Structures are given as structure tokens and as C-alpha cells.
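Below is one structure, written out as C-alpha cells, with a few remarks after it.
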């Protein structure tokens, strides 16, 4: 049983809160992804789980045990580092065997000759050899067992790092952006490898990334963080379809969700600049009270056509099977993130190769069936009482 | 005028051909992307253009001048390195001004005091200050002009590197994977920045990347390389829609094009395992002669439905607005790249959140309107005489 | 007990907490240095306030600051300080200059570079006693090869007896010292040069920089911290260099190579006055300390100026 | 461009040769002097080439002096100093690199200060201490004394090397169940091996060359080191110059040869951040 | 069963020719003893005092020390060597004249191990007519005449690197011209006209260009037996080395050609370290050395030096080496190379004097002024007046 439970975990680095009152529960055999922009505290949280960093306050439980007071080696967790952290002076085999050797370590292993022999004996024992062989086979590393890390490619190194974690057969696997050093192609295949590992080995996985594709494809559950605070905790689908705030909404999905400044006016509906749209069914309950809102629409649910918001094409990017068209709206304003969008651009994904030219006037049609509303402050605005749409 | 012309450019590193008889012409103000997998010779080619590496044979012309015999400083090209290569001990301002100072450099600038004063005078001259101020404004670096590189974020450093190239207003900009160190978000915005730069500054750009998205969105022309040989040279659209061989076909597009083993049989059409499809119009001219071929179909042009190739779902990945479904075909075999696909998987992109389960039996329907054919050896098979479809 | 020892076990490397590891890791050396350096140093400090004979170091007469007052009031001692300063500065400057030149020469690839790198460091490997002996012979006024070599290169000065001339002895000793220590400088700088980014070098070339500009804009800033620390070490070591000078000139002629350590040695062992020797030693130590403090100050300021945290 | 390249290449080669000449000449001159017959030493013009007929001087030096014993003792002291210095230095180097504590800062400063102390200043109190500890007249004592002077600089070099070991690897080892001692011995030590070579060279040279302590702490003839033996010739009465130079050369060459063997590692060892502030 | 080992330190053991014979002499003692073994320790001249004194100051050191007179007084003052009156009480020894210097305030702390006088040594073949000069002017002329063709007329030391040897050579000149470093009541007389005369003479030789400048003693002595130096003034030990290193060299000796016959003297006492843990054994050896046959053998091996007791040389030997007699005759005129009355301060005074003389030799300073300065400096700095 390796459910993980965090209770008000806080970490303060010289006055700065890298993790702020984080609480959540992860069931046994879940694949939790910690997602968030750089510096949001993902690594810090993971390192606290591993025991590489002490918690400032709060508690961490794994199964029935409270672990935050234990040293790393007593927590029975495996950690896969972003930088692999392979031992460069050991062969792949020794790298993989190392945790097993450490398990049987005696002080006299430090003695020059005797220690070397003892280690070799452990390495050569039938049980260990068998385990290593199986692990290597799973990871397709059999050929390379006697090579040194420097002679391996990035993907192979990554697999060695995984192997080192696997042989220990721990309850909990912790991984800190293990794929971020790989090129796109390798990344795709390693992603599949890790998912397979999770299926086969079992155990609870906690996986840090800032890549939303990884988060969406790998996680059974995602904790999306920002500035040390968990913004939303849920399944990938919940996070995509039902974002808790504008930050989550814009962080997930490429191109990001468009946020258009709008106003609910009772009787009239949703006013965007000089256009008025009816409130869709799942939002209708909000129509009773006038207020300023942000309308969140995914680029895939917008089309270019007649009778929509007027605008001009600002940029066309062709991405294989589809094109991303940026349109500068004429009358409506957008509220994109702090990083300085121009203030009236929306992005629309159109299928195929678009022949639109920059500056060409177009009209944008919105499909509000999956649209969401936010307060101007960024918090999600939910229709009360009604059951969840999407 | 800064058209670039390569004529049989070859580079041999100790017996190994890193560039093999490369010839192509790039017009003035083009944005050429050099694309290809790691180690294919992109950097080598770029460095030969810059003069950092001497050509083994062949000629390079820029406009009317033959440049391959000139030292780097006489070629008037700017180079942006993957790692930015900023001078760490100089402020952003000095970093940007450095090429200008070097342009006016006299030997006595090396004298202790006088030299310092002279450099400062150049830096303070109205023309230079103005140029730096404008450049900084374009790149949103005004605030940071007096900071040191180590205090900048990755994106800011990248912009400084660009700035250093811009102030020189050279005919040719060379960039070696300038975005590969950035995270996805920053990458997107820097991509736009560089496109804008190309529009505003003019000049011919040569841009190295192994990222197809960058290549597709930025290049006016792409040279796709492999093992030192240019595989295809053309616009992004040509390369996507009309790949010259299976390598190009699979390199461009995510998920990559599916290659299904098939056989043309006169009268019957295209035989895939136990299914027979009619040859589409643009390929009809090839129907006269029986032969083994590879059928290339993009994942977007395939659907799950009734009456197609039978198979079982192998994996489902949810990527925001769409899902990627891998299907293991029952009767047809696939010929994916050397990196060891399982031999009968195809990938299909379906819109929305797919609820398919692993193992579930499905049928795959192909839309052959944009399909392409290859010889088993990998070369493209074109219908003779007929005009280009797509 | 068991529990505490567990908790005290090293955890996060960045988080020592109640971790005793650093203390017991450093303890052997700390004890060692206290015994073999700290205790003698303290004793010397005490001795410097006494009048003590070499022959009976355990019988001392406390004389307060007398030894220091003697030093300060002697012109001769000021001369010693001057010689020490000249010796140290010239040593460091020349060793670094030559070392830098050698390192730059040996950094670029050419055939036989490995061998050249090894051969250049021969002087570093040569024992000072042997070096002193051969250089005494080389500098010999009558039979020394140095005069002959100079003559070959067009020197018109005739046969000089280098080590016996008050004007030439210091240059001769300096030349020997620099010959002996420049390889160390060149090894250190060569190592630092490995850290010079080839991309930065290339970008500077493309920016139109000539060789010297490339050096100043790219190479020097990279190796500067190493060179600074190297200078500090060479300075400290030059301040305390003994065997080479003593064997070559014993500080003569007419005090022209009489550095602090030579003076210390003479007072303590020739005049058998440990108290005075200790006082000279303390003056030398203070000078070295001041230089070191200045070095760290400067270093900190430079780093802060560059925006390092 | 090709021409300028080869021209500057030629200049570089010339400069390298000049440098090598300067570096090697005095050692060469030892050889020449040792192989010059006594009357020729006092010729008006020095003979620039060795006279190989004079080889017997080396045998003569061996038979008339204790040079064999001296060299053996120097070797023991040098290797002992190198080994002990490294054993002592690796742990404080690790501490200096990894911990930010007031005590660690003090240790760092103390290490610097020791570099400033001349042997001549400490030799009298040290003599008394060694007398108390019964370490006089033993090579062990000499090794201990020399180590006190080499440990600080070696510690600083190794600290630079340890700085270069990524902390990730240590954390990985920590999670794999390694103790701190285990981390240092099984992970850090192998990774700083090149710097250990550099450090060993420095300590070795110090032990091989050291003169003041060897002179004072050792009075037993059979334990004299080569520096003392050779310095004895800088005397009043007459040992022939070529014998002295022969012994000088025999004293110099082992150190040079030792260096040639390890020099490959030395540059890379210092590269590992050795001398960075 | 092991013998009681005692150590005996002396520079002589490290000398090329005499060292081995001296060790053989010590070995003879060891053979004669059942329970004692004397182990010789060779310490080079240049660092002898410093090394031994550090050891003695540190509570250890060799049991028996042959030290220079200059060190002897310092050791006596610090009570680092044992008084020997009791040991020698009752013995009948015929001590030679310089033995008087062994008594400090009436107490004896050592006996002379080696007494060596200074006379002029010359290569007759290199001198016109083979005759030695008898006056200083003749000396200058003769050396000038001999110089040339790779040969030098004269050789002495004039460098700080050989400060002690320089001092010895200077003493010969100063004493020869009638000067002394101090008067009978222990007042410094560094600027006494006679001292100045000695210094002036030293400079005359220096300026005559007849010396191999920069050649150290080891070199010029070797040149002497290679027949490249015509004349030098040196002690009996050196003459002994010559006979061993170059048995065929037909050199000769004559009294130094200075106005008076006074010359320096090497007087090296044998002493017992006060720290010794083997006093009885050391004393046994001490007594053994003073036995006439051992004294005779010692005198023989030391060359032209004398030993503690008066030992007549055999007529055959004197016939074979006529210069021995010149040395022996000089004994009456020998003066220790010390500042009498200020023995313990001699090193500092020596340093001051030598630097002043170097200024005369190299900087062209007037001898008178230089020695006036020396007198002043020594008074203020050393005597703190």
C-alpha cells in the first residue's frame, strides 16, 4: 500500500515560500503528475517527498507511515533525476546494481580490496544477476550492461536511470523532469516506456514536468502548481475541460485558450464589444446578474466564417495538418496572461493549409458549447446548482 | 543583394563526409531552414557558411562574391549560437555594441587607458546609442541594458544574442538551433520574435533546427538533410505535402505519416493485406503495372469507422483537443523507420476525448485523397505526366 | 541513542541541520594543522615578544615589543622589505606573464603538443637544491655558460660574475626563480584555458575581433579568476621562498637579495636570536595576510559588480 | 588564408621550441657539466656538448657518496607525503565544497594562512614537538612535517574538483542508501581522480624537494634525503663539480620522469575547477 | 647484544678526502670497545651550526660535537655543552698552545679536535722563478705576472654566499697587517687604521684582476690542483686535501707575505652535548681520542693540522712534505677568527663587517669610511650603544 498523503506541506527558503500549505491525497498505483511553470515549486515538493529537502511544516504520509522525519534511504522511494545522475565511473550494470549493493552494505566494504570483492559477490549472486538481466531486458539495455554512461545516448542513459529505480522495486517512484533533456522523438518513445513501466511494475508514481503534453498523456491525476500553491488537482480531463482559473485554462492546451473580455447583461446575454451572443445552456444559470467576465474559448472551437467577431489576420503559422491563425479583433479585447499579449488577438486553429494573408479582414465565429466563464480576477465562474457539463 | 549559392560543398572530417556535395540556391531575403536529425551535418554546413570551418571542396557565393576563401570577419554575416555565447563579463549594452566597436577597432585600442576611452566614445556616440536603443526596444531589452548576462532569463539572453546580430545589420543571419534551450512557451514567443525580425530587418536567414514545428512555421524554404546529404529542398508546404522519400515523409508531421505495405495490382487497385482499395485519381496513372509499394497516409486523414482495415487499439494518448490512437492492424503490415516500430501499428488522430480502451477492436478507414506512394526502397513513386495534386 | 544517531545521519546534502558529518570529516586535518602549524605559530608569536637564544629556546626573557621596535628603527630592515617587495612582485608578474604565454602557445593544437606540454614543466619538477647548484655554476663569472650565451646573443657587457654583483644578483636570482616557477603558472593557466568557450571565441571572430581583442573579450575574462588566485598563491609562496635564495646568495651581496625569510633565517639561526627571527616572521605573515584580505575583498567586489549573488 | 595560417603556425612552432630550450637548458647543462672532464670545466670557453666518455662519473658518484640511499629516502618521503596528504585532504575538501558553515569558513581561512608560514620559522617549535612525540630522526616524522605544508594547498585543489561533482549524483547515492562516508569514498573519490593526480604531483614534489626539515629533523646518516645530501656539496671543501652535477641530475630526473608519467592527468585535474576562486 | 650507540657530528665527516679516513679512525675506536659504538654524522659546513644548535636547543642532538670556536662560545654561554675539567682531572696531557681558548671563565668545555693554521700555498711552476713573494707588494706583482692564459695569480673568497669563508680570508689580511677586531678589553676596533690597511690590501688584490671572481672555494681549490691558480692563503686541512686529491702536485708553502706573521686559525673543539643520555660512553670516547697514538693518527689524517696535544711529526714525513713544517711553525702566530671579548656576537659583527668590505670591493667605497660605518653600526646594532 503506497498511497501518499500530504497535509499542509510548506517549505520556506530564506523567507520565500517554495511550497505553500500543499495538501492532497494520491491513491496507491496512481500516476500523479506535478505540472507547472518553471520555479513553481515542483522539484521542491518532489525532493521533500524523497527526503532530500526537509519540510518546514506539514506532514507527509506514505501508506500508514509518516515519512517526513525519515532519512531518504529509509523511505523506500526511487528517484529519477532530470540529469539522470548516473555514476559516471561505474558500468551500466554497476549503476543498476548499486542500490542493491547499498542495501547489503557493511562498513568494511570501504576497505580497499575486501570491499571490492564483497561488492562483486553481491553483483554476481544469482538473484541479483537475474533481476538485473530482467530489468535490462525490459529496458532494452542488455547489450550495454558493460558500457560506461558516457558512451550511451541520452535515451539510453535515461533508461539506465529508470533501471536503477526499478531494481529496487520500491513503493513509490519519483521522477523529476526525466525527459526534458531528450529530443522530441526520443521523448515520445520514452513517454511510452514510462507508461508501460507504471502498468507493469505498479507502485505509485509522482512525476514532475512542465510539459503539458507529458502531463496530459501520462498522468492519471495532475497537480497543477504555481508559485508554490496547487491551482488544481484532478484528472487530465478535468483539468482540460474544467479549469479552475484562467491560469490553468491558459496553461493547458496548445494553442492556449482564448480569454475574451465580455459582460453578462441580464436579458441580453453575453456582450463582446459590439456583438451580443446568447448564453449557452450550461451557463444559462449565470445570466440573472450583470457582471464583467472573461469568456474562455479553445482555439479548436472557433472558426472563421460569416457573422462573427470582426478582425484582421495578424499571423498565420502552418503546423503540418493544421494552421494557427492569429486574428486581431476589432471591437473586443482579450485578457491574456501577464506575459504581454497585444491585447486583442485570438488564436484559431483551422484544419489544412490556410491561404490567409496577414492583414486580410475575417470574422470569427465562436462555438460556446464548451466555453467557460471566469471572473475578471481569474477565478472560475460556475453555474450554481447545475451539474457539470462537458 | 545577399542570395546564397552553394555549389557542390563537401566537408570531410577524417574520412567521414559531414556534408556531401551540397548544392542549392537561396534568394535574397529568404528564410532558409536547415532541418534534420542530430548529426546530419546541419551545424557543419552553417559553420562553413560562416567561415568557422573550411570547405573541403565546393564553392560558396554570397551575392556576387565568392566567400569560401574569406576569413569569417570579412563575410559580413551574423551568427547566433545555440548557447547564446554572450560575453559574460560585459553588460547587455556592451554585448550588443561589441560588434560595432570591433568594426571601428584600431590597434591602439589595446592600449590601457586610451583604448578604454576610445571604446567608450564609440559606445556613447549618438549613432550607436540610437541604434542600440532601437534594437533594445524591438527586443524589449531596454530595462536590462546595464545588467550582466548571468542575471537574465533564458529568453532574455536569447534576445541579447539576437540583438548582437541585429545591430550589425548584416546581409546574412546564421542561427544554430537558437531556441533549443528554451522551454515550450518561451520557444513559441521567440519563434514569433525571429519571424518578426526577419520581416523587419530583411536580410537572408539561415536557420538550423531539428524541430519540425520550427521549420514549418518559420522557413520560407527548408533543406531537409540526412547524413550530410540534402534529401529535399523546398517550401514547407512542398515538404509536407509532397515528400521526396519515406525519410522526409516520416520526419515531417506529428504523429508521423503512416507507411503501410501495399501492392498495386492492375485492374484491382491497391491491395493492403486482405483489403482492396481503388487507386485515387492522382495516382491512377500508376495503376498499369503490378508492384510492391508503401502507402503513405497522414494520421489526420484516417478515421475509425466501419468498413476499413481491421485492427485492435494498442494505446490511446489524449492531447488536449484530440486523441492519438495507435491501432494494431490485423492483416496489413507497416514499414516504419529503422528505430523499430512493432511492424503493424498505425496512428490515427481523432478529435476530442476518445473513450477507446486498449484491446478494443476497431476498423480504420483511409482517405486516400492526399495519400502518397513510395517504392519499397523509400523513394517517392510519382504518377508520370500528371500535374501535382494537393 | 540509536534514534539520535539516525537523525544525525547525513540527509540532504544541501541541508546539514544537526549534521555532525562536516565536523568529524574535518577533524583529523584540523587537529593535524593545529598541532603542526597552529601550535608552533602560537609559540613563534610568543617568542617574538621575547629574547630567546636558539640554543636554549625554553629560557626566554620577555622583552615586550622590543624586537619589533628594533626592526622598525633599522634602515636595514626597510631595505629588506623593499627587496622582498621587488622580489615578490617581479616573480609573480614574470611567472604569470611567461606562464600565460607558454599556456597560450601550448593550448593550440600542433603535432607533439603533449610532449611539449610535458617538457615545459621540467623546471617545476627540478628540486630547488639542484636548481641552485646548476645556476650557481651557470652564473659563474669565469666559466659560467650564461655569459657565453649572452655573448652569442650580442651582449657586450663582458664576463659578469652575476651572483657576486650587488646590482646583478637580484636579477639573476629572479631569473632562476621565474624559470623554476613559471611552469606551475602555465599548467594552471592551461587548465583554465580548457574552460574557454569555443563558441564565444568564434562569435568574437565573427564580430570582427582581431586576435588580441578575442583574447581580451573572451579568453582573459574566463581565465581571470584562475589567474587571480594563482597570483595570490605565487605571491604567498614568493614571500616565503627560502632554499633557492639561501643556497644561491645567502641574501647577499650587500643585502641585495635579502628577503624577509632570509632575514628571518639569519637572525634566528646565524645570530641565534629566535625572538628577532620570530618578529621578522610575524611581519612577513602580516604582510601575507593583508595581501590575502585585499585579494578576497577585491574578488568579492568584482563578483558583486558582475551581479553574482 | 592558408598561407597566413601556415606562417603563424611556423612562428608558433619556433616559439614553442624556444620555450622548450629555455625550460630544458639548465637540466641539459647539468648533464653537460657532469660529463665534462675536470680540466675542461675551467676552459676559457665552455664545451657545449657532453663528453660521453665521462660516463664513469655516475658510477663514481654512486660508489663514493650515499646517493643511492639519499634517493631511496627522498622517494619514501615523497610518496609518503603524497599518500598521506591525499588521505588527509579529501575529507576536508569535501566539507569545504559542500557545507556553508562558520566552522568551515574558518577552516578555509586557516588553510590559507598555513601557506604563508615559512618552514624556517616553524622549524624550531616543530623540532621540540617532534622531540616530544619521538618523531625525530625518522622518515615518518619527515612525512608528517611535509604533509602539514602540502595538505592545505591540496585541500584547496580538491575542493575545486569536488565543486565540479554534480550534487545530483550524491543525492542519487543518498537515495540508493549510501552513507555520507560511502558517498565520499565510492562516488566522489573516483570522480575527482584526475585532480587527485594533480594533488599527488604537488605533494610528491614537495616531499621530494624539501630541504629545511630534512636538514633539521634528520641527523641519522642513513635517513638523509637527497636535498640535504646535495646541499652538502655547497660547501667549502672540494667535491668535483662533475660529481656534484651527476648527483644533481640523478636527483632531478626521477621527479621529471614521475611528472612525465602523470602530466596528462595534471592539466585535466586542474581543469576540474582546481584553481578557481 | 647491541652496543650503546652514541653519535658524533662534525663537518669533517662530509669532506671528500678526509671524511672517510676520519670515519676509519672512529671505527678503530668501535673495534676497541665491547659496549660502545660511535656513529659519525656528517653535516655540511654551511648548515652545521644551525642544524646542530636547533637540535641542541630542542633538547636533543648528537652526543659528541666537533664545532667551530665561534659556536663553542655560544654553546658555553647557553650551557649546552658539558664542563670537562673533572673528566680530564688527573690525566697528563701536553696540550698545545691554542688550548688556552678552551677555558671560559676558568672552566674547560672542550678540547681542540683540530687546529689549523694559515700559510701561503703556491704552485711554483706558475711563479716566475718559482719563488714565493715575501712582501705584500711582491705578492701583488707576482700574482699579476702569473695571471693570464686561463691561470689566475691568486684566489680568495669575496661573496656573501660563502660568508664564513670570506670572513676567514679577511681575517688573514687584517691580522697580517697587524689589525684586530677588538682590543684587549673587548672594545671594538673595526676602524683601527691597521684593520683599514688589511681591508685596503684585500681590495688591492680584488682590483688587480688576478682572482677568478665568483669561483667558490671548492672550485678555486680544485683549480689550484689543476694548476690554474698560482697562490692562495689557506689552512692546513686544505693542504691535506691537496695531497690526497692530487698526490703529484708539487705545491709549496711559505709564510703569508703580510707585514706581520699573525694569521687566522681554525680551532675546532670537541665537546659533549649537555643533552646526552650517554655521558659515560661519550667520556670514554673522549679519553680515547686523547691517547697519544690516536692523537698522532688523527693529526696524520687531518693533513697539516694539529690536534689537542703536541705530537711531533716524523722526519720522513716532513721531508716528504716540506710544507708541513711551514704550517707547524705558524702555530705560534695564529689568532682565532673571532672578535675577542665579543665571541658570542661575532656572527652579527661578521655580517656587518663583510657587507662593509663588499661595499669597498664592489661599490668603490673608501675603506676608511666603510670601516668607520662598520664600527658605528656594530656599536649601535650589536652592542646597542
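Quick notes on this structure:
Every chain is named by a letter (A, B, C, D and E) in the order it is written, and numbering of its residues begins at 1.
The working rule: contacts are C-beta pairs under 8 Å (C-beta built on N, C-alpha and C of every residue); 3 or more make two chains touch, one makes a residue touch a chain.
Keep in mind the model is a prediction, meaning the values are calculated, not measured.
Annotation of subunit D and subunit E: jointly contacted by C, touch as defined at the top. The pair with more inter-chain C-beta contacts, choosing from C-E and B-C, is C-E. On a Cα centroid basis, the chain most remote from subunit A in this structure is E.
Centroid to centroid, with C-alpha atoms defining each point, subunit A and subunit C lie 55 Å apart.
Taking each chain's centre as the average of its CA atoms, subunit B and subunit E sit 91 Å apart. Per-chain CA centroids place subunit C at a distance of 15 Å from subunit D. The multi-chain contact residues of subunit A, meaning those touching 2 or more other chains, are 51-52, 72. In subunit D, 42-43, 124, 128, 171, 174, 179, 231, 233-234, 241 are the positions where the chain touches two or more neighbouring chains simultaneously.
Residues of subunit C found to touch two or more other chains are 9, 11-14, 54, 57, 136, 142-144, 247, 269. Chain contact summary for the complex, subunit D toward subunit A: residues 166, 168-169, 171-179, 181-182, 185-187, 190-191, 193.
In the complex of the two chains, the subunit A residues touching subunit D come out as 50-52, 72-73, 77-79, 81-83, 85-89, 98-99, 102-103, 105, 109-110, 164, 168. By the touch criterion given at the top, residues 9-14, 16, 21-23, 25-26, 28-30, 32-33, 35-41, 43-44, 54, 57, 101-102, 105-106, 108, 110, 114, 116-138, 142-145, 148, 179, 183, 187-188, 190-192, 194-195, 225-226, 228-230, 233, 236-237, 239-240, 242-243, 247, 261, 264-265, 268-269, 274, 277-278, 281, 284-285, 288-289, 292, 299 of subunit C touch subunit D in their complex. Listing the residues of subunit B that touch subunit A in their complex gives 37-38, 183-185, 189, 192, 195, 210-213, 216-217, 236-237, 240-241, 252-254, 298-300, 315, 317-321, 339, 349, 351, 353. Taken together, the subunit C residues at the contact with subunit E in this complex read 53-57, 74, 136, 139-144, 161-166, 247-255, 266, 269-272.
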